[in-house]
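Some structures are shown below for you to check.
In the two complexes that follow, chain A is the common piece, with chain B as its partner first and chain C second.
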Partner chain A sequence: MLASLGIGPVKLSPVAVLDALFGGGSEVQRIIVQDIRLPRAILGLAIGAILGLSGAALQGLLRNPLASPSLFGAPQAAAFGAVLVIALGGIDVRSFALPVAAIVAAFASVFVLLAIAGRNASLLILILAGLAISSLAGAATSLTMNLSRNPFAALEIAFWLLGSLEDRSFRHVMLALPFIIAGAAILMSRRHAFRALSLGEESAQSLGVDVGRLRLWAILGVALGVGGAVAVAGAIGFIGLVAPHLMRPLIGYDPARLMVPSALAGAALLLAADIAVRLIPSTSDIKVGVLTALIGVPFFLYLIVRERRALGGGIA
Partner chain B sequence: MVGSVIAMPPVAWSHRLCKAIRACIRRSNGVFVVAFLILTFAAQAQAAGLPRVASINVCTDQLLMTLADPAQIVGLSPYARDAVRSWAAAEARTYRRLSGEAEDLLMLKPDVVVAGLYMKRATRQLLKRQGMRVAEFDIARSIDDVKEQIRRMGDLVGHPDRAETQVARLDAAIVRAKQAVARKPYRVLALSRRGWVSGDDSITSALLSITGLSNAAASLGSHSSGFATLEAIVADRPDFILISDGRDVADDEGSALLLHPALEKLYPPSRRLIIPEDLTVCGGPMLSDALDRLVAELKRVGG
Partner chain C sequence: MSEAAILTASSLSVSLGKRVVLSEVSLALPRGCLAALVGPNGAGKTTLLRALAGLLPSEGTIEVCGDALSSLTLRERARRFAYLPQGHQMHWPLPARDIVALGRYPHGAVDPARLTGTDAAAVVRAMQATDVTGLGDRPVTELSGGERGRVALARVLAVEAPILLADEPTAALDPRYQIEVMTRLRTAADTGTLVIVVTHDLGLAARFADIALVLSEGRLVSQGPPATALSETIIENIFRVRTYRADYQRETVIVPWSEA
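Coming up: the complex of A and B.
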């Protein structure tokens, strides 16, 4: 968190950063730290946390280690929702219409995915359906931007598909945070149900868990969190996949206990990625989603190799 | 035997038919030739022997509309109608909207296609291979470039007199602006979406120096145009920022940057010079309006 505040194109000493954070230093230093770097750090933490939490919740819900928002196409669908609202025109990108549209689209995508995959879907079906939805949403996002009258569509498409925390402000924080908190609250309130579910669906039902309703709640929580996050930062992928796996060896396989550490790991991951984006020398800004995908995809491939037997079973 | 009996009549019949068709073709050919000649004469009378020109670039669109007769304009690029970026957007609606690609140009067969030097490279090469005359206009980087382009387009459409009128209009605006020169050589940063900064080699920079202002891009470490980070802008802290839109609405994430609280704190409306994009995107006749606007904006902010 401090590192995120300390690093940027303008060099400031850690002491100056701390000073500016608490109202000291020159006006320029205060503006750089409070208005430019602080919202970025807060968003990085909040978005990373909700992605990690969503990943843990979905993995618990489906009892499936490959479940995560980005593999299900939820961020891509949310980005499409947001872009569609922009393309319809007359809307300020800093208005609440954006997160609402993103949330609706994210909800629809996860709902459709779980409906297609069914209750005891194999890994293969989930991944294939998720791939289809995320490709479709990505293509729809690009097409919507191309069809809009905006001549800068290419750059805007890159933002929505890859995600970035660059130059976000407190207006963006205010836009996303209420939804992220609501989503996180919903997911956290269901954590004991996820634990019951890890014993199997029948055992969970005998423990008084309504699996159908639990699903709806989980989808709603993920949609709120992911939608709110995507509306201000674009589709940042793979945090939700990686974070729970980093914590599982330390915490064990209890989905309820895994959720908070996953959120922390997600926050740390995204913040680290966002710092790295600023440190890598480049002529134009690197999108943070590029970095998370660079880390996330090899990890995903490793998981597939590990789960190969289960996948083989899915085919047969 | 049987075969020849059946075969004979059709051969004779088809021979007669062929004759008739040939006569038909010969006669209609004459009609076509006559019609073609009449049409050609009509067109020539209309344009008095002047070339018919199509444009596939928003900047050449506007030069063309200013200098050519309406009958000379075959069509304009799609962006000519964009009210935000095209100064002559309303007038552009009266002309054919081209796709900006080669196909419709090959069908319309204009005498000259005017285009930008950097955009649509494949289209320009294809047109040249098809034997079409393509006149390419570089991006204007100085007032001299602009005058040269106005004169070149004037010669191309056969109205050099109109070009001289436009150059004189621009010169008059420059004289007006120099009289109303800023009180101090304020440092102004011309800032567009995503932090794009206009460097020394831009029309915007030329406009600033005419009114006695200096371009702050140089102290951001770049003499040419490029992206500047928000932090670098805040740390450098130019006296004014020059933007194209005074509204408090962000149409996309790129333009949201200009409304970032960090910039709004240092640059309230009284620190923002606003010149609409359609006056500065291209070098052309609209620059005299841009200069007048810049002078008015300086007066507004008390510079």
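Coming up: the complex of A and C.
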């Protein structure tokens, strides 16, 4: 967190950061720390946390270690919802309509996914359906940009889609945080039910878990959190997939106990990625969403290989 | 018998789409009874079990401990029925003790790490009864089939519900474990639980059950003490096999012998 506040084009020592945070230091330092880097760090933490939490929750819900919001097309759909609102209304990118549209689209995408995949969906079906939905959302987003009359706006959208925490103000924090907190609260309140689901849906139901309702709550929680995150930061993928896996060797496999550590790991990952994009020398800032995908996709491939071995080749 | 009945079903029917899976099943079973539910594949045994536990929408009425099942909340149902599904799935390598502790979920003990004295005691009792105390810390996915079966059984015993429903708990177990599982269920019945166990093993049914329920094409065609409910004619008609029959240590022995 301190590093996130200190590192950037203008490097500040941790001491200088603390000083500036509490009103000391020069005017420039204060502006850099309080107005530019602090909101960025807060968003990085909150978004990373909700992505990690969503990943852990979906993995618990589906009892599948390969589940994650981005694989299911939720961020892509949320991005489409947001882009559509921008293109249609030409509204301010900082209006509340943006996260709402993103959330609705994310909810619809996960809902459709689970409806298509059915109750006891196999891994293969889930991934195929997720692929279809994220492709569809991506295509719809491209179409919207295609039809956009202003080429600069299209470029803006394209960059925003890549996922970034750059130039975010407290306005953005206020925009995203309520939804992220609501989503996190919903997911956390269901955590023990995810543990009961380890025994399968039938057993969980016989233990008094309303599985149908649990599924809806989980979708709602993920949609709120991911939608809120995407609305301000664009599509940042793979944090949700990776975070729970990083924590399993340390915490164990209990889906309920895994949730908070996954959120912390997600927060740390995204913050680290965001620091990394500032450090990697390049003519323009690399987008953090690009970096997480670059790291996340090989990790995902590695997981598939490992799971394939565990499942004896039959991932269907 | 209906006076002491803890579970009664009247004209229970279940349809999936247009197909009638269960039709007009009526039964009344008392506490402390071990009932074996037998029937050919596809006769509706699992459907009946799930309908009784309220896991499946059905027509007709079910009464449990004097209350209409439909009037009970999900959690109240969960406290009255312990349900062991076929194949006892366990998706994550959780420690065996945590799996057993999930049996206390209906009692509000949702976190295995924070059990009250009563809940912890129930878990210990269940694990002792199934002899899995030593496996407590082992991840369930690393256990052998027999060990996993015992852990699954401990999980349903930990509910300490008045009614225990077990769907083929002896399938895929070696003879020793089959006897062991049936003995545990027998003990549960002897201590006052109503146990309904689905099995394909007519020998185990005859040996351990007080009552046999024979299901065929969604209808309950025979019920009563195994010796009569599983008579030569009934088995020949329903299962299309001839049986070898004998008495041994005052129990009925039934062994499927040849095609009828």
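Here is the rule we use: the second predicted complex is superposed on the first by the 303 of 316 C-alpha atoms of A that agree within 3 Å, B and C clash if a C-alpha of one lies under 4 Å from a C-alpha of the other, contacts with A are read in each partner's own complex, and residues count from 1 in each chain.
Assume a contact is a pair of C-beta atoms (placed from the backbone, for glycine too) under 8 Å apart; a residue touches a chain by one contact, two chains touch by 3 or more.
Keep in mind the model is a prediction, meaning the values are calculated, not measured.
By the touch criterion defined above, A:S135 reaches neither chain B nor chain C. By the touch criterion stated above, A:R63 is placed in contact with chain C alone, chain B being left untouched.
When both complexes are overlaid on chain A, the residue A:S198 reaches chain C alone and has no touch with chain B. After overlaying the two complexes on the shared chain, residue contacts for A:S206 are found with chain C alone; chain B is out of touch. Of the two partner chains, chain C is the only one that A:Y253 touches; chain B does not reach it. In the superposition on chain A, A:S189 makes contact with neither chain B nor chain C. Common to the chain B and chain C interfaces on chain A is no residue.
Only residues 8-10, 28, 31-32, 35-37, 86, 92-94, 149-152, 155-156, 159, 167, 169-171, 284-285 of chain A touch chain B when the two sit together in their complex. Residue ranges of chain A in contact with chain C, taken from their complex: 63, 192-193, 195-200, 202-203, 205-210, 252-257. Interface of chain B with chain A (complex): residues 79, 82, 85, 193-195, 227, 229-232, 234-235, 237, 249-254, 256-257, 259-262, 265-266. Residue ranges of chain C in contact with chain A, taken from their complex: 50, 53, 55, 74-75, 77-79, 81-85, 88-95, 98-99, 102-103, 105-106, 110-113, 139, 155, 159.
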